[in-house]
Each structure stands twice: as C-alpha cells, then as structure tokens.
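Both complexes below contain subunit A, partnered by subunit B and then by subunit C.
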Partner chain A sequence: MSAGTAKLNVTVAEVKPVNDLVTRFKFVRTGGGDLPTFSGGAHTVVEMQDGDITRLNAYSLMSNPADRGAYTISVRRDDQGRGGSRFMHGRVKEGMEMVISNPVNLFSLDLRAKKHLMLAGGIGITPFMAQMHQLAMMGGHFELHYAVRTASLGTYAKELSERYPGKVHIYHDDQNEAIDLKTLLANQPLGTHVYVCGPKGMINWVHSTAGEMGWPREAVHSEEFLAPASGKPFEVKCAVSNKIVQVGEHQSLLEALEAAGIDAPYLCRGGACGQCETNVIGYDGKFLHYDHWLTDEQKAGGKHIMPCVSRFEGKTLVLDR
Partner chain B sequence: MSKTQFPPSITSRPVYGELEARSGSGHLMIADAEGAEAILDLAKSVDKAFWAKAHIIYIPKTTGTAYSSQLEELGAGQFYAGPSYEAAQSRIRRALQDCHMGTQVYLSGTEGLMGQAMAEATAAGIPHTAIQTEHRGSTARRMQCVHCKGITEDVTTDPFECSHCGLSLFVRDHYSRRLAAFQGVRVDAEDPGNIPEKVELFK
Partner chain C sequence: MTIQFNDETFHGDFTFKNSEWAIKRFPFPFHEDSYMYSVNMEPHKSYRPGSVFERTFDVDEHYVSEMRDRARVLANDPLRCQSLPHMTLAGWDLVELIMEAKAAEYPDLFELHKEGNRWRWVNKPLGIDDTFTFLDESTLPYGPMEYITRQTQGDFAVLDQRDDNLWMDAGMVTTQADWSLDFDIGMNFFEWHAPVPKAHEMGIFVRALKFLLNIQQGQPARRLNWTMTVNPLLDTSPENYHKWGVMKQGLTMENIGEKQHLRVELQTFFRLPRSNALVFPIRCYLISFNDLVTVPKWARRLHRVIRDLPEELAAYKGFIDNRPLMVEWLSQFDDGSPTSDGIWPDDN
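Presenting the complex of A and B:
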C-alpha cells in the first residue's frame, strides 16, 4: 500500500496524443466531485491493471493546481521500458475507470525564493507546467529554459511560449542549441532558486555547475524518478510476515512484496522519497543499490535497501518486512 | 583574542564555525573588532584573484586602526571601515542588492554583528546555512526584551536591566534569527522584587 496516500477513483475524461511520443490523459473523479488540491511539482501514482500484473507508475501533475475538477498528466512512451507507459498509450481509453493515489509533492517550489529559474529537459517539463500555473496566479517571478530534441517533439513548447511570453526559452537539440548554463547561473539575482527536471545527465550537470559557481545547495532542486532496473531473479525471506518471495527478472522487489500480499509502504516508486526504506536483517551476497535516497555510507553498510528500485545478487537476503 | 568555545545549549542558539575560502562569483565579508583576525587567517590560504572579487565591510569598534590597516592591505576590490553597524547597514544592503547568486558571505566577530548581517543576507535571499560565520572577540549579547520589545546591545551580565523599560531580565539562550537577538525575560515576574545578584557571564 501507499503510505498515507488514500486512493482516488477516477474516470479517464480525455486521451489526447500530443506528439509522436507523448500522450495526455485527463482524470475526473468517478461519480463527480472535486479532487484534492495539490501544489506545483506534485505527482500521482497511477494503477494499471495489466492482466494479472498491477503496474504502478508515478506521473507529475501538469494541470492548474487551482483546478480541482480534473487532473492532467502527460506520459512519454518508452518502448524499451517495462510496460507502464505502453499500457497508458495503448490500453487507456476515454471513459475507463482507474485508481490513482492522492497527490504527493517531492518537488515543491521553495516559496522563500525571490525568483524561480526552471530548467527542463524533454518530458521533464510536466511538473513545471503546474508550478508555472501556481506562480502565474501568485504573481511569482519565474523563467523557464526548456531543452527539446526537435520542434515537433517539443512537448507543449509552443503553448508555453504563448502562455508566458518572454519567460519561456526553448532550445532545440537538432539545431545545436544548448542552454548556456554558466552565463545563465552567473547572472541570477540573489535569492534565485534553480529547479531541474530531465535526464540524469542534465540533473548532474546543473548540480555540479551550480556547486562550482558557489550556489548554496539549498537553492538547487531536482526531481528524477528512476524506473526499477531489471536484473537476475532473486529470493527474499521476509522475517515479519514469514514468507519467502521470488523477485522476477523484470519485477522490482517492491512489486514482488506487494504481489505476495506483504504490506510495503511507498510514495514515489522511483528511488527518491525514502518511504519504502527497509531494514536488512541478514544477507549473503551483494546489493545493487540504484536509489538516490540512501547515503553512500548506508549503501555500503548493508543494513538498508530501497525495494522500489534496488536489487540483490547472492544466496540469501532477509528483510524486516 | 582566542576563539570562544560556547557550552552546549538549546537548538535555537546559533553555532559558529571557522571561515574558509569557497569558490564563488564574489566574496562579501562583514566583520567587527577582533573578527578581523578570522579574515586575516583566511587570507593565508587565498591568492590575489580572490581579493579582486572581495568586498570587506569592517566595524573596528574599540580596536582602533589595529586591524583595519591590515585588512586594507589585503587588497580587496572594495574596503570600507565604519564607526557602527548602523552606519554600515545601508552599505551592506546595497552590496547584497548588487551581487548575484554565487556570492559567498563571510561573517566574523561578535554575535550581534554576525546575527544582524545574517538577517540582512537571508532577507536578500541567501539560505542561512550557506552563510559562513566565525566568532571572535567579545561574547556580549544582543538581547531583546520580550516585554517592551526593546533591544539592548552588548549585554554582559545576567540578569541585566532592559535599556528601554528598566525591567530586570533573565538572559535566555533562546535566539531569534529574525531579530538577530537573544530573548530576555523578566527575572522577577512571579516574585516581584526578588532579583538575583548580577553575574558577569560575558566579556
């Protein structure tokens, strides 16, 4: 179960292809009524019944946080992925009833900032769309720099440029345009916070460049949800529930626990929030830590694992679940 | 003057570190009295290029020109020595207004100086955790009277008389970052007139 996040029964109100890779989905509450309010940067976990597999993927809410009538997400199809985005693209139709989680925000705006500088790469644009709605309503000071592969794959680039004239800057990879990060960061007034959402390389680039230029750690924010990695199947003994669980090649440890009926909390399912942190009671083998929650020390210590993205190779693994 | 080791206290009480040169687009250094020593110590590990981007704002208090001439010789891009924090305040505000993200702020000297300069820097948008501090010199405290809200500078005894309303106040470790002051609470509130003898706690 998802810790602290009640489920919402929703109906798909709209399925709209945006470009070759991205499709937009709109959810309204089944039976009518308002949805819970959220803040810019929040995500929801969408449950997908794919035969006897339940897929759970987190997607950023991109609609106006003030609009409680509907939630909107955009899903980028990943043909090499484990199947969640393909399910959304291929099987979800208007009128379908689905279950999603209450919104959770792991990428909120720091409202003490005097200026919000947003850096997006590809589908990383979605949390910023809700944040920009929020800031526009509040009269906040913001600026978006958005890197896209091509104009046709520039999801919402045109709409955003029209909605926020002068505040949106688009960079096209195929025209060799790139964000001049150093100059951009060097010219920001005191009190600016920078937010980045996009590929891992882009996030690391922003953190390291800002750090070298003397930006306070607290003024640099990022969000990246990881997809659970595939790997060799392994076996886990759960000491509390007294069950032995098999984790399949393309299944995450968290998914295997859930399939075995073991209560395992989560919020993001992407190695970021820390909610699923689980104590290791004993092990003989090696951990494959993929999360960005545990410290390097904890990862080396062999006492904790994040079941949503991390794996194990070896003889025995006993968990406190 | 040697560095003071403050005894462990409640969590709101500020703790101070040691200044170290960090990379950044500029270096704003604000110090009073013996706080100059922290900057002079830091100077041992940096080169000329560092000072070209530095701005030193210094309030000598009772130290005369003992330190200010040494600080001036460091060759900072901008150097200012002024008679009081109040006199330097508009310059501090202007310096913060003009600088960009990436500017490092270094504060050293008394708690009153560091607290007030930190309040300015955080109001300008720098997270307080990103501002370096080093305590040097007097341990006298800047105190706010919780009753009349008046602020008394350089308090050295406990209890002390509020310089505004005259009540005898107990010196608490409870600190307000917004006011840059410790809190003073009436010491004889429950038993009027029963005022303990003054102890000189700070020098």
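Presenting the complex of A and C:
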C-alpha cells in the first residue's frame, strides 16, 4: 500500500481566533462541491508548505459530520513545538489553498453502547464535538465532562453548555474543580462506554481508575496524538531503497524518509495507529521509543520502530525501507 | 437502456447464459499459466473501460434475474439477511455509497434526487421509484442495508470495527461459495476464519486483518478469488449443500462443457464514512467451460492451471474428484502454444 491517505484539495474559508491559544479553521472544497462524510472522532492530516519543508499534522474534525459543506478544526498553538501549530496560527489565511487527507477515524464511537460518557481535557474537546453532533442527530445518550484551565481558556465550553443543556459539565482548574472520576464511573448504567481525550496524565488516570473499578478494557476508549520528539540528529540506512538518510534535530524519522523520497506509510503521525511500523534490520545504539503502538517486549526487542514519533541514538541503524 | 437484461434462472432449469459481451468482459482470474494462492490486493480504481473493474459497483446483463433470485432465496430463508441493531447506521452508509455511485456511473439506469434528507431513488431496471427520508428507517420498506442490497448484485458482509478487530455484525448473503451468515454473525475476524491450524497461517491472518483495519475512506481495495461450481448456481450455501452437492456427480465428457462453471468473486473493500464500519461486497461471476473456451488464451491457460494445481488446493476448492475429467476435456483446447501475460483476451 502506498504512503499516506487519499488527498482532498481545500480552500481556507475562515480563520477565527477562539481564545489566547486556540484558533479555528474552516475548509471548503476548492472549486466547490461536497466533502466526504465522516464519523465523529475522525481526524484529517493537514499538509503545510513551510518553505522547503512539508509539515503534516493530524487534527480532529470538530464540525457536524452530516455537514458536507465544510470541515472545521481547532489548533492549539504550541510555542515549544516544532512549528506546525505556529504555521497554522501565523501563516494560514482565508482564501489559501491547502491539501488535507480524507478523514481517518482512530477514535470512533462504539455504537453498541447504551450511553457514551466523554471525558475531555483542554484541546481534547475537538473529537467529542463531532461525536456529540452525531449522537444528538441519532438520539444517542451521552454526557460530557470537560476539564479546562480557566474559563477564558475553556474552548467552546459555553457553546457546548448551551447546545446540550444538562449534558455538559465544565471543571475549572483555577477554581480547584476536578472531575470526581470514581463517583462518576460508579454511577453509570450498565453498557456505558467511556471515552477520554486530553493530556497523557488524564488518559492514564482514566484507564487505570476504570480498570481498578472493574470496567472491561473494551469499554474504555482513548485518543492521544503525540507530537514527534526532537532529539540528537542521527543517520539511517534504508536497505530496500539503498539510501542513507540524515534525520535532523527537529525532524522526525518519518519526515526524513519522506524528504528522501522513500515510500513510508502513515495515518496519524502521532504514534497511535500502527501504520508506520517499520522493521529494523540491524542497529548499534539505543532506541528512543515514544509511541503508544509497540508493546514493551517489542520495544525491548530492537526489531521494530515507529518512525512518526520515535528516534535513535547511536552509530548505525538499518531499516527495512 | 444500454444494457440488455437477460431473463434467466440460477436454479431448477438453469437458463443462465452469458452473451458474447459478458464473455469478453469476464474477470478471468489467472494472469499466468499457474496459480499460487496470494492476497493479490489492489486499489479499487476505474480500470479498462467496459471491464468489470470500470465502475464502483458493476451492473451487467444478469442484474434483474440475480435480484429475482435473491428475493427467492430470501423468501425461503430470511436469515440470509441480518443486521445487529448497532449496524443500522452502517446500512445507511451503504445506501448512500451505492446510490451515489450508481446514479453517477449509470445515469441512464439509476437516479438519485436529494432535497436535504428527502431522497428520491429511481431504479429503472427493477421499476422502483421511492421517496424516503435519509436516516429514517420508517420511511423504507426494509432496513437500509436490506433495501439497497436487494437491488445490488453480490453478497455484502458489513463489519463493525472495534478493539482492533472486525466483527461480522451485518450482511446480505445469498450467492455465497459455501459459507453462512447465520453461522458467522457476531463473530470476529479470527472466529469466522477458525480454526486456523498453523502458526504460519495465523501470521497471514494477522497481516490480512491489519491490512483491512487500515482501509481508508476514499481508498477502496479489491481482489479476485475463484472456485468451481457445477451448474450456474449462485446460492451454494452450506444450508443447501444437500441440494447442490449431488450436482457435482454425473459429469461426463459430453456434458461438462455446459455444466461446469468457473466461479469468480470480485471482492471489494470500502470504509463506510458515518459508522466507520467496513463493507465487503463480494460479486459472483459465472462462466461455463463452453463459453470460456471461446477465448483461446483462457482455454489454454485454464487447462494448465487446473492440471498443475496442488492437490490440497483442488481439494480445498471442492473439485478434486472432477479434476481429471476437467483436465481431459480442457486439454482438447490446448495446442501448447504460449499465452500472453495478463488476464485479458488477446485482441485480434
């Protein structure tokens, strides 16, 4: 299978600052027409042409999945990051033409659930916005618990409370409000599924608390895209394409392979989907595995790497690409 | 209408027939003189005008009669179509996929008019003109999956994706090569392929599952599979084995050309957008040996493939007993000259 996902040509129809950190972008199909339908929880990979560098970042679609006229995403600016979110905030303007991928869903609703309990932290709210549209349309049973730092950084908190009265609960960190997870989980009807999207600590907390309370693993869903880590530059030998590739300090291994014209598959670019898994043929050094995909044994075994987020330190690394 | 629809049967008097057009576009599955089992997956893109690979859903001269056969099978056994409650949304996805594709690719046969969620669907070959509300089941005579698959050739396995696995949670299965929806419904990918005897085969299944889980919206895939059937039977279900199994007996040099059929499945794989489910339409094409040997390249090649096929495969595909007769009959059409690469007839 070839790299990446099918592409869509879009035009930026709106750029709207939501608060100090978050800006919302609306895309319509270039030249008019409908965009593909998607399902709540799906993301799209946005291509950013930043000089010689093509940056590709995954963002959850937050608009109504039934609205094929436009897609909407929200981007949180990360000043420490590698530049994707700064590019979106600083350089993307209304009227600009861009390329995005077809929707991909790694965080879909379990439609068997009797009730959907959603736990969001910060910008983790976006996939839930599309899911709530979808559930509201289907008459599904859902409830959102949303932790924000301050009211002014509570992205969409007000709109959501108004749109879904009684179903949305907001918790402000600066007012020492916190989700009482144990009580919340203990009071759910049988057949409830839990979904969490937010910082890593929050995701781990929800999984471990639910696990301790005897929730089945299949009833707890999470999504977190990792940003590729920066690190020391290193060199990779690609055995199949017979090329030597340099990976820069702020470049991911996947980006370096792409820049060298090597066919490298991906879907999420955030260590979550498994699509970029690559066999290691030989190495002398140490892996810096940052992904959620490989098991601990696989990480220790030195035979696999996820090039979208993980790195290497050492003398030689030979990949099956 | 551009297609002349046959009036034919796939049971009883077996009046099924292929026109010269249908023979020329038959999806012959062997691209070389030998056959090796492989996953042979490729993107489902429009390919070769006039071929069965040109359209998203191929419609051919058998359409009307196949749909009549489906209705007959369903009347005898309603369990051939099932959908667990959480799969209704996937059924609507399928309605949208099929209606949009057919209306765009066969405008002379099918029309779709949308006014918001109010849709009008016109199916000229079957004489249907229905108006319904998209996503409102009460406005259709059947559930959405059943409604649209009663109007679309091929079987449909609709799979829910969760826990990194696929679950056979809905389907319309009336033209299958010896498997049963009623048996498999609710099973996951490993369960419905079980028992998988060897670790090595397990590895193949794990890889196949990984490929399928990664099928993306806008990038459907396809592959061909094949087997043999005596008489042009669409419905070779395990439930009816007692009826069709006996037909495999009594083949002779005189009747084999007419009775023996190569059965080819065009399997396609689509990600459904609203439900994130996967659908596998499995379209069955039949061709009698008599018709097949009218294409000299196919006649020579089929002889060689069947002759050299490993025992286990001939046994697995259920024609080991008839193989010597098939080889003997086909050998008349093999003069030993080379065949060209690829599956298509030589132009002359």
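The working rule: the second predicted complex is superposed on the first by the 317 of 321 C-alpha atoms of A that agree within 3 Å, B and C clash if a C-alpha of one lies under 4 Å from a C-alpha of the other, contacts with A are read in each partner's own complex, and residues count from 1 in each chain.
As a convention for this text, a residue touches a chain if its C-beta (ideal position, glycine included) is under 8 Å from a C-beta of that chain, and two chains touch if they have at least 3 such contacts.
Because the structure is a prediction, the values reported are computed rather than measured.
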item: First, second, both or neither for A:M138, with subunit B first and subunit C second; value: second
item: Superposed model, subunit A: greater residue contact from subunit B or subunit C; value: C
item: Which of subunit B and subunit C A:P216 touches, first, second, both or neither; value: first
item: First (subunit B), second (subunit C), both or neither touched by A:T278; value: neither
item: Partner chain(s) touched by A:K114 [first = subunit B, second = subunit C, both, neither]; value: first
item: First (subunit B), second (subunit C), both or neither touched by A:L267; value: second
item: Partner chain in contact with A:N187 - subunit B first, subunit C second, else both or neither; value: first
item: Contacts of A:P36 with subunit B and subunit C, given as first, second, both or neither; value: second
item: Subunit C-contacting residues of subunit A that also contact subunit B; value: 112, 218
item: Of subunit C, residues touching subunit A in the complex; value: 86-87, 89, 93, 96, 135, 160-163, 210-211, 214, 216-219, 273-276
item: Interface residues, subunit A side, partner subunit B - complex; value: 112-114, 185-192, 212-219
item: Subunit C partner contacts - residues on subunit A that touch it in the complex; value: 1, 5-6, 36-39, 41-42, 65, 102-105, 108, 110-112, 134, 137-138, 218, 267, 273-275
item: Residues of subunit B defined as touching subunit A within the complex; value: 22-25, 96-97, 99-104, 124-127, 129-130
